[in-house]
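Please see the structure below; I have some questions.
Note that the chains take the letters A, B, C, D and E in the order they are written out, and that residue 1 is the start of every chain.
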Amino acid sequence: MPVNYYIFVSIALFCIGVVGVLTRRNAIIVFMSIELMLNSVNLLLVAFSKMHYAISGGGESLKGIDGQLFVFFIMVVAAAEVSVGLAIIVMMYRNTHSADINFLNRLKH
Amino acid sequence: MGITQILFWFLTAVALGSALMVVLSKNPVYSVLFLIVAFFAISGHYILLNAQFLAIVNIIVYAGAIMVLFLFVIMLMNLSPESNIHKNKLIRFAGFIAGLCLFLVMVAALKDASTQKQLVETSGGNIGLIRYLGMTLFRQYVIPFELSSVLFLSAMVGAVVIGKKE
Amino acid sequence: MNAIIISAIWGVLMMFSGIFISRKSVIRNLAIAGVLLCLVFNIAEEHQFHLVSINTRNMLVFDSFGLLFNSIAFGATLIYLLLSARDMEKVGPNQAEYLALIFFVLTGISIASSFNTLLMLFLSIEIISIPLYILTGSDKRNLKGNEASLKYFLMGSFSTGIMLMGIALIYGATGSFAVENMARQINGFGPVMMAGLLLLLVAMSFKVSAAPFHFWTPDVYDGAPTVFTSFMATVVKAAVFIAFIRLFDAAYATDLAKWRLTIAVIITATLFIGNITAVFQQSVKRMLAYSSIAQAGFMFFALFGYNDIAREGIILYAAAYSLATIGIFAILIKMKDYTFDGYNGLAQREPLLAATNTIFLLSLAGIPATAGFFAKYYVLTAAVKNGSYLWLVIFAVLCAAVSVYYYFRVIQAMYFKAGEGSVTEASPAFKMMLVVTAGLIILLGLFPQLLTYHLYF
Amino acid sequence: MNQLVFLIPLFPLLGFLICGLLRNQLPKSVTGVLASVAVLASFVASLVIFLAIKSSGKPVTAELFDFISFGQVHIPFAFLVDQLTSLFLLIITGVGFLIHVYSASYMQEEEGPHFARYFAYLNLFVFSMLLLVLGANFVILFIGWEGVGLCSYLLIGFWFKNNDYNNAATKAFVMNRIGDLGFLLAIFYLLATTGSVNYADVFAPATVQRLQPATITIITLLLFVGATGKSAQIPLYTWLPDAMAGPTPVSALIHAATMVTAGIYMIARSNILFTMAPVTQAVVAITGLATAVLAATVALKQNDIKKVLAYSTVSQLGYMFLGLGVGAYTGAVFHVITHAFFKALLFLGAGSVIHAMHHEQDIRKMGGLRKALPVTHITFLVGCIAIAGIPPFSGFFSKDEILAAAFASNKVYWVIGAATAAITAFYMFRLYATTFLGKFRGSNDQEHHLHESPPAMTVPLVILAVLAAVGGFIGIPEAFASNSHWLEKFLEPVFAGSYAIAAKHDTVHPAASTEFVLVGVSVLLAVAAIAFAVTRFSRRPDLGEPEGAAKFLANKWYADEFYDGLVVKPVQGTGSFLDRVVEKSGIDWLVNGVGRSVQYSSRQLRLIQSGQVGSYVLLMIGGILVLFVIQFFLKK
Amino acid sequence: MIAVLLILIPLLGGFLLFAVKDEKTAKGMALLAATAVAALSVAGLTVMNNRASLNMDLEWLPMLNSRFHIGLDGMGQMLCLLTAVSFPLIFVATWHNTYKEAHRFYAFMLLSQAGLMGVFLAMDALLFYFFWELALIPVYFLSSIWGGEKRVAATFKFFIYTFVGSLLMLVGIIFIYFKAHQSFDLQSWYNLKLYPDTQNWLFWLMFIAFAIKMPVWPLHTWQPDAYEQSPTAVTIVMSGVMVKMGVFAVIRWLAPVVPDGFYLWGDTVSLLCITGIIYASLIAMRQDDLKRLIAYSSIAHMGLMCMALFASDKSGMQGVMFQMFSHGINIIGLWMVADAIEQKYGTRKMSALGGLATKDPALAILLVVVALANVALPLTNGFVGEFMMFNGIFSSAVTKYGVVDMAAAGVGIILSAVYTLTMIKKIFYGEGSKLTASGRPVAGTVLFSLAVIVAMIFVFGIYPKPMLQLTSDTVDSILKYMKTSI
């Protein structure tokens, strides 16, 4: 597979995520779109890792393994972020009974 | 065109389609479900790339744990699919345009990159296998591994601080 | 390494201290002791003393630059705690947890100042950010706090996404996350590398709140509990800048010419938006938020004119800016009214506070004989040194003149306007601390080499 | 000898300091005497010097210290006394002394401090005037030049409670300043071209030959501008009539005898330059003549006794400039001397009249004073005859010499000059007749209090009258008795250079026969004018309001109104305009505009901080796009 | 030794005064310190006039290669003398004025003196900039705290205005610093040869700061407001000494460093100056507020100095040097009178005054002398300075419009006479108003200071030689460095 395919696919996913962030008002969905962005990055990383593996000539070489490890770390971080993020959203929901990111708009100008 | 290609295109289509549905669907619950579908598709890609470990982790962590967490929260808030959950038309339109522009610009920027002729080793290659990953992780990447525990600690403390009722 | 280990351990310690210790003051002093310890051992490390010898597998490198900054960060935190730790009680009951989080942030900072792979950079940024999301929302009843923390979190993780995309592309181009590789294959796959670097630049600019990625700053700084605003506006921001500088050395600097215009644009936008918008603010807190954007614009000069003067400059800037801002916030926290009018006639009631506050403000404005002057001086010098873009420097100084406008509004309020401006309570110790801080600023304003000297020896 | 030179200005200076500083302590009698003695002392000193020079014939120089020096330029604070200077010294101190004495009783009404102030000013004036004539270079001359201007300012505004007087004083000072600017420019020109301002260097033939004719013309013209200011010539003459606001003795001393002749002195001093600049000479002559005519015509219709004298002064000064213009330097100086005598006399006489009339100056309210004031009457008459140029009185000789020279250089000059002389005779006797002849027209109590002035005032009158009568004999024309012109001989060394050049330009004195004819004509004209004036005004003095041409003359050709409209008003208008419009709502508005625009843009710019995550992210994406464009698609 | 003491005494004195609470003691100490400084500077001119005592060179910022290098040449001594003399006079003249928190007031006054001294002493560009700013801060506080009702706005305008200028100057300094191989040392700057086309813009980068300080038209609008609103003691410092900073800086830091730019823009600046002279004089004629009148007259005079400066001619420079001192002295005298009158009659409106000559002859006489010195009447110090400046402008080698310039500027002489005499007339002559009817003579302290000033006016007016010799060498060296790069 040409790596460009993967590049473009993940960019597409990434941009869809961005669009989600831009267009949705529900905090949770916005957050999910962000997760989507992260996943697109993961895909890209894996693709690249395999690419570098290919470049290095395949076989027993471990070239490109760090890419996959990075993905692992991204997942870790994502998990942490999710826990915090959802906590924040819940907290806000407790106070306002709304998950709308524009509901609270005291801070401006 | 070989099976790999077919799978690739199929998975891609699924991923992109469901991703779009995540953004478009009115009901948050649908969005979650579509997101899970998208994650599965991505995991499929991983398998296609012979990154088995990541594929499994992706399923377990993301599609499993994280998404379930999302679902719980949504249920807990029992958000009804109100129509006003969308921003007004103009902002939405602008949002789509912006996203499209970003896509086009990045593609335009990267299309004539010298990566064109670079191929991706599908199947084959054992860097995706858990033992090699494990070995590298605990040899090479032990420090980030340890330090990420700090991250978790802080996340934990944070969740407690914020979640705890007074 | 010492700093990372101790701060992490101390974070855990603070976590549990909340359970076992009931006396708030003890917890506070424990934290202060911890920071002191970090400071001491970090300085020790500068003199080649290591607690444990760990093979970092070249993921972290501890050079004089990073270590010196660590010292500054710990020093600033120390002063910050001494001045404002008491005020955390106002925020909520979980003082121990707040302090724990602050220690985790310090861990992140010490990583950021010594990362050597993008992975560590990413981790450090996250370790810094996540506790801050929480601290921002720590005042749970306060809707402003909620809003701020939600905005901060959403936009923060969005920028994380961008950063990761950038890192991924860089990885694609270089096949590794080690920063020295970036330098080696700066043109790996041409546009791929470039795009990666650009996205990384964007993400970092977001973290240091440079326009047009600054939008979170005013709202978050305004909405967060002032105690924590003080911390994130100073130490944290400086730390991210240090990380940025290190990244710059590694990658962008290798062919700076290609990046000059982009950075010039960012600087211009940042200076303009920061300074101009600050002029109209009515709340001092929000004004300081915008001013921190403006100051970021100046710190950016250190990246722009990349040379050893710039490194000295950013160190100096970090110190000067942190000290002054911490001082101002420490007084702001104690103010009854955060608007400019709240300061009216403060000089009559609290001459000492007014005087020290004036010194802090003068330092931010960059008046000679305060640390702020040399901070600005160094970064501008760095920019002038490489000849071109003099117009940018001139634009910057004009913006500095604008900044004088809003900084001096506070001075005018304190000294030249009659009013009821007063503080809740100001203990002698607090005042003493303020005087010390002001003294430090003056000292650095007269002899900056006290700090920069350590970069080389 | 040199010590004496220092002493001359020193005495008045001391007098000034003592009178000025101790004005509250010293009684009137002391100050009056002190001041007069100071002047007397320097008169004696001047006399000694004069005699010395007369005998030795070589000038005395004395240098005090280096005043200003930079680079190669050295401007010493030095004195030079030659024949010309010594003459002026005598006039200044002599006439000055008489006027001091006169003032001592004239100013009796003033109370102590002001009395002392008055004499302090007078002494200061004498000091500055002496400085003016003593200076060995143009800068010292300029110092005195401005000094006398200051004193005249102070003395015109002596009664400072009256704001009209203050305005007159200010006017005098400012007009002089305008002239001084020209003078200064001339000095700088000299410095730039000759590298020195010392007479010795500047007038040295070598230097003079080196200068371009054009340069000389410019320099002399600029010097002349200075002279017009000081000596009240067109266009800067209007201050002098107003200067009559000051006490009458001041008018006599400053605005008749001495200060106003400073211009003549200066030109006479630099005669060599003027002789080498025929253009300037023409300008000087014509200006002088024009001034003479204009002032004379105005004098015809003035009813203020001092105003008449003032305009006649301007007119006479015009004569002197005519003399200078046609190269009759001796004649000019001669006229300065005689004029000093008879004009001082006339002013003091007028003062005595005013004194008797209790500060009434309008001649229409006088008349028939000859009975009440016999001495004043006689002396005044002498003065009038002298100024009218009736032989053998002093005015005749000097005026005749100038006219003769004028004839030699240009017939037209002579015609106008002679006519003016006739007019002069006419208005002087109009004044005389309306004042002293006919019957008294003032109020009754004025009539009762009419009294001859005390001797302190009359004695100086008498002395001056004698001088005015016989003063002319120091310069009897060649035509009457060969080489009897003592003055010319005496001044020979000063003007030698000029005469040498003039000889080349063959401006020969007219033959004796023609000169007799000329004299005859002018005298006849004068006599006729006098006869008419006396018969006309002793019986029916014109008391009514003037109409037509008369009105035009009575209003001094509307010169003041002209200047007011042309200069004063516009300048003030511009001032206000700049102040209110350009400054406040122009420049300052712009400056503040910067601040305002910052405020405004701040108010607008903060709106993009809309507080909505969506729009923030949108803007961030926009930023990213821009950076991409810059980084990828711009940099090619 | 002396050099550093000139800065240290007022500096320490200032900080000490913050502690003193009692008003009388504060006054006394301030006067003491100021007098000590004056005595020192006089000593520097006479008994201790040697390099050792007048120079000091210490390590300061080794990494920036900037040293604490202070020293006094002729010009420096002259201006330090002016600074040193003016402060005691001010303190004496305003002895009876009362300020709230007087000790603070005097403290700031001394601090500003320290700043000014530093500016005149600095031999190192960075040090110079330091003091340049530091002189500003105390004055800012003085005016804003103790000034008139519109003080805050006016003073702030003044501050921002000058601050913008000095920031641009800072950029210039940094630029030259690199051109001079990373040195701030004055001498190395003098030896520097910059490309003419660099100098063209560099000139403005530096000059704007000085032009604002002087101020040169049209950058002058901060001045009348600031002078009007500040307490007179401060106004005296500003217009008597601070504005000289601009002229001084041009002579020491601009002309020899960027001579080509200096020559190139000379005519432009001269044109601005002429405009300023006439403009300010015309406006001064129409002022009714005494302080504003003096302010505008000061603008006119500074314009003339600046112009003479740009004639870059020996006599012109000498004149400027001399005039810096004379104008300092004279304007101080004028302000003192203005202050005395305001304190006594509570107004600065000249139309409300009048007839003071009868009420207070002593004041009248002294003022008349000062005023006449201000219009440069011979035998006053004003004449010497203006004579030489005009001569310099007239015979300037660098411009071909010397004559025109001089004539145009000469109009200023006439106008100055007009407004000065009008001022005297309105205040002192005439019948007097009901306001002045009750007037009694002003305090002896004022008269004393004025008397001292008048004495100086005559001394330097009649025998200017010492002062001229003092600055002669400086002028020669400056001109030398300017010549070498033509």
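Keep this in mind: a residue touches a chain if its C-beta (ideal position, glycine included) is under 8 Å from a C-beta of that chain, and two chains touch if they have at least 3 such contacts.
Since this is a predicted model, take the numbers as computed values, not measurements.
Across the assembly, the chain pair joined by the most C-beta contact pairs is A-B.
The most central chain, judged by C-alpha centres against the centre of all protein C-alpha atoms, is E.
Compared with chain D, the chain whose C-alpha mean position is the greatest distance off is B.
For the pair chain A and chain B, the distance between C-alpha centroids works out to 5 Å. For this pair, chain B with chain C, the centres built from the Cα atoms lie 32 Å apart. One finds 37 Å separating the Cα centroids of chain D and chain E.
Averaging C-alpha coordinates per chain places the centre of chain C 43 Å away from that of chain E. Shown for chain A are the residues in touch with two or more other chains, namely 3, 7, 17-18, 21-23, 25, 30-31, 49, 51, 55, 63-64, 66, 73, 77, 80-81, 84, 87-89, 91, 101-102, 105-108.
Each of residues 119, 123, 126, 130, 133-134, 137, 140, 151, 154, 158, 172, 191-192, 194-195, 218-219, 405 in chain C touches at least two other chains. For chain D, the set of residues touching two or more other chains reads 595, 606, 609, 611, 613-614, 617-618, 621-622, 624, 628, 632. Of all possible chain pairs, those that touch are A-B, A-C, A-D, B-C, B-D, C-D, C-E, D-E.
Contacts from chain C toward chain B in the complex involve residues 4, 8, 11-12, 15, 54, 56-57, 59-60, 92-94, 97-98, 100-101, 104-105, 107-108, 111, 119-120, 123, 126-127, 130-131, 133-134, 137-138, 140, 172, 189-192, 194-195.
Interface residues of chain C, counted against chain D in their complex, comprise 151, 154-155, 158, 162, 191, 194-195, 198-199, 201-202, 206, 211-213, 215-216, 218-219, 258-259, 261-262, 265-266, 273, 276-281, 402, 405.
If you check the complex, the residues on chain A that touch chain C are 3, 7, 10, 14, 17, 21, 27, 30-31, 34, 37-38, 40-41, 44-45, 48-49, 51-52, 55, 63-64, 66-67, 70, 73-74, 77, 80-81, 84-85, 87-89, 91-92, 94-96, 101, 104-108. Against chain D, in their complex, chain A makes its touches with residues 18, 21-23, 25, 30, 101-102, 105-109. Residue ranges of chain D in contact with chain B, taken from their complex: 614-615, 618, 621-622, 624-625, 628-629, 632.
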